[in-house]
Amino acid sequence: MTYASKPADKAKDGSLRELLSFRVGGQDYCLDIMSVREIRGGTRATPLPHAPRFMRGVINLRGTVLPIMDLATRLDLDTEIERDRSVTIVVADNERTVGLMVDAVSDILAVPEGDLQPPPDMKADNERSFISALMIVENRMIRVLDLNAVLPPPNEDAA
Amino acid sequence: MALQILAVDDSRTMRDVVRLTLTGAGFGAHLAEDGVHGLEVLDQIDPPDAIITDINMPRMDGFGFINAVREQAEYRAIPILVLTTESAAEMKDRARTAGATGWIVKPFDPDKLVKALRMVAG
Amino acid sequence: MAEIRASFFIECEELLEALQDGLQAIDDGVADADAETVNMVFRSVHSIKGGAGAFGLDTLVAFAHKFETALDEVRAGRLKPDARVLKLFFHGSDILGDLVRECRDGLEHADETYAPLLAELERLVPPTETDAGAQAEIDFQPAPLSLDLGFGTADLGAQDDEGAGFGPDDFAPAVDGGDVDGPVARGAETAPDDDAVTAAPVYRVRFKPQSVLYAHGSEPLFLFRALRDLGPTEVRCREDDLPGLDTLDCEHSHIGWDLTLHSAEPEKVIRDVFDFVEGLCALEIEAPDAGAVDLIAGPIAGPIADLGLIDLADLASLSDGSDPPDLADISAAPETSAALLAGPSGDAETAPAPARSLTPDSGPAAKPEPASAAVTSPPDTPAKPVRTAPATPRATVRVDLERIDRLVNLVGEIVINQAMLAQSVKAEGLPPNSPVRTGLEEFLQLTRDIQESVMMIRAQPVKSLFQRMSRIVREASADIGKEVRLKIEGEQTEVDKTVIERLADPLTHMIRNAVDHGLETADAREAAGKPRQGNVTLTAMHRSGRTVIEVGDDGAGIDRTKVLNKAIVNGLVPPDTQLTDAEIDSLLFAPGLSTATAVSNLSGRGVGMDVVRSAIQALGGRISITSERGHGSTFSISLPLTLAVLDGMVVQVAGETLVVPLSTILETLALTDGDIRALGPDTHVVNIRDQFVPFFDLGAELGYRDPLASYSAGVVLLIGQEDGPAAAVAVDVIEDQRQVVIKGLQDSYGRVPGIAAATILGDGQIALILDPIDLVSMASGQTRHRGSPAPMSIQPDQAKGVQA
């Protein structure tokens, strides 16, 4: 896995965001690096009974319990990809830490803030609500994941 | 050699404050939490240069303690200061009657404690 | 000093607790105003006052002083602690506690809080002297020790070659050897030091101790040093009265001194040096303006002469070979010298004595005589020093809570680690009695012991919590005008510190509910043939590996019709629902259910039992209620003993490993398929000793697999509460019994039905810990709407998400 950084374009406002790009469900996404805690290979998760389909279960992360979310299922994407080669991105916000199961991780991108565009408003598409921005990198459209929308609200009945 | 002082008070806070004051002034501090304990500590340590004691304590109060101390030949005339919250006028009588050498009124200025000690113990 | 201040507030809590205990004992009539209990109560307030004074907490000092004064009246036997007085004292202790906490937290004191009670406490004390107002009582400034000397740390010994030439070592305790130099030179004049500042005013001090001065432990040497600190001093020893060696009585004081002090200090400062020995000596201080040059010959000018002191000339005549001066002669002087000294120094004390008539005593036998000093010690204290083994309080160490938590965490990790090691060793295929394996077994045992001990570090008696509830009851009953008595049992039961803290609010709510809603008014009670006084009981105990806390009242019990109606009206249950009594009782835990027609000040609106239940659940506990109409209700809270460890049975179901808490396993059943009867299309039951118990497949219940065709290959466990519903649960394999470290799911994930928490097995895999109670309620067909018994969820303190 390489983490080659792209050369940074200095935008008018000069601010850069660092994003971790990855593939899930056959599509390109990225995440703000600030939310990423670590990257692990896939481990078999202990399933949680009556959990939503997108929750694979929990794994042991150095002695604590880490819930694992199947991101492809969560995003309602094509889930034909082989599970055994999956990668887990451990993300955290203020309140909780979760592992996101994805297909592969690629680069860390440094992108000028100005290059990120808000996604167009398309009512038909559920998926839109999980995306906070879009950008074009080498002719590929990369979606910036809205972590808050993806993660389940804290301390709710999971059933 | 630093002067050694035995301080007896049932309040932990008081003991801490006194200890701090004493060690800050270069004295050696030994502590006890009531009269009975004070007598035990006296048995264990080398004779101190002076004793400071509270009055209101469980098991054996200050006056009982002073009496008991003075009964021992070795400590017949050891300087003893009482720590009291009462005003000086009344305390003079009671302390004097009990055989105390002097008194210090709480809340005390640390300097005053030290000075009082030097007055009676050098 | 900040540390001591913090420690002071901790000490205050202990003192407040002791205060409450003492008042309670008196109230219960157990101690019957026994002297030592009253003393203890007095001392608690006294000590708080003392410490508060050290930190300048004036309001607290003032209040404590008034309180102490009133308590002293009881201590002295002048005030009887009847119900009215005790009520005041209880209230006083509540307010005192409030003031202490306000001081601790740096909050302002509101006059209205304490002023009324202050006034009432004052009224308990008969005025004896004219107060100089409240100001006088508050004035504890240490007036007497106004020694404004420039006490440097200079080595006093060095100054001694000023020609001290004195050394009454026959009479005084051993002093620092270096300071006593030379034999006493009879009548020797000491040469004034070169430093003698003749410009400064000159005081002439004549000082002759009585024997009793030495008996009090005073040492003239130190007094002279103190004088010397005020300015250069010349000392001359006067042995005129010293009798011949054959008639010398060493116990008598014969020696006096004349001192010349050059100092700009006012006379009062000079006098203050002799403050402690006033009355024990003959003391004359001649102010600089007196003009006398020769001590011996000249008349003594000034006020001294008027008081008829023994003239030195008289003294001189006495020593001419006649008998040693009679102590009586000399002692005449001290009285007047006392008067002399009392004059100026009396003025210094602007603070009149506190407004209580002081009889120096600490016990009922108050006799203001010297003998009282011995009498006043507690009756069981002999005059001789006690040599028996001390009844010391348990030695304690104060530790940062953070350190303990870290320790708990680490120990938890050790347990996991040890399990993994054991697994690996087993996988190596070593024989069971190999040294490695036996060593590991011992290791395991040690680890468990450590873990248990560490967990108990955080445990504390619930007493302080229960005492707070006493106060809640007092206030609640006063507010609502009911007579309520709180009975406490098992206050020494130990519970994890965090649990105690987090139980405070829920308990408060329940107690208030009990007083407010549970108990009837005194009239209603009387009409029902009950005593007018209502009773609330608070109990704590350890039972079946859990901590059980119960809040009960002997009130009217739950009005189930009313509750059901309210629930229907509020849309919590559909109308025409048939519910059992227990189910209706459980409705109390539903949010938004308030049956109080008048919203009282206490319970407020919306503070319902659902909030209480959530709080209990967050602690890993359960709460349930039993109630009997007309007799009262009891809430029962069940909490895990320690927060992070569980004895469990490791089982396998559908390829998954799970842990069933051992305390919930009632028995293992040997069943054949024939024993399993169908109840409905999806439910089954089993007949256990003539009772039908629901049966289910754990794998299916948890959604791992579809129900099996046959269960005869597996194992069936009977799980449930000690006295509650049970269920027969089928699993595939029982692995073994283990103590597991609980890892919470709450913070990382959330609630999972039927699951309490998780643990990490030896192979590093996570195994879920079952919540059998929750499971049972699911299995018995009750859906998980509000009203079902609270499921158990275990929440270890330290599992706060992932450490990245």
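For clarity, chains are labelled A, B and C in written order, and residue numbers in each chain start from 1.
Everything that follows uses one rule, which is that a residue touches a chain if its C-beta (ideal position, glycine included) is under 8 Å from a C-beta of that chain, and two chains touch if they have at least 3 such contacts.
Fair warning: this is a prediction, and the values are worked out from it, not measured in the lab.
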item	value
Graph class of chain-chain contacts, one of line, ring, star, complete, other	line
From chain B, the most remote chain by mean C-alpha position	A
Centre-to-centre distance between chain C and chain A (centres being mean Cα positions), rounded to whole Å	52
Where chain A and chain B are represented by their mean Cα positions, the distance between them in whole Å	71
Chain B and chain C, separation of their C-alpha mean positions in angstrom	25
Numbers and ranges of chain C residues touching at least 2 other chains	none
Residues of chain B touching chain C in the complex	10-14, 16-17, 20, 26, 35-37, 39-40, 42-43, 54, 56-61, 63-64, 66-68, 70-72, 76-80, 85-90, 92-94, 96-109, 111-112, 114-116, 118-122
Touching residues on chain C, where the partner in the complex is chain B	1, 4, 7-8, 11, 36, 39-40, 42-43, 46-47, 49-51, 53-54, 56, 140-145, 147, 149, 151, 153, 156, 172-173, 175-176, 179, 214-219, 221-223, 225-226, 273, 275-276, 278-280, 346, 349, 351-354, 358, 360, 362, 369-370, 372-374, 376-378, 381, 383-386, 390, 392
Chain C residues within the chain A interface of the complex	412-413, 416, 656-657, 701-704, 743-755, 758, 760, 764-768, 784, 799, 801-804
Chain A residues within the chain C interface of the complex	37-38, 44-51, 55, 57-67, 90, 92, 95-98, 152, 154-159
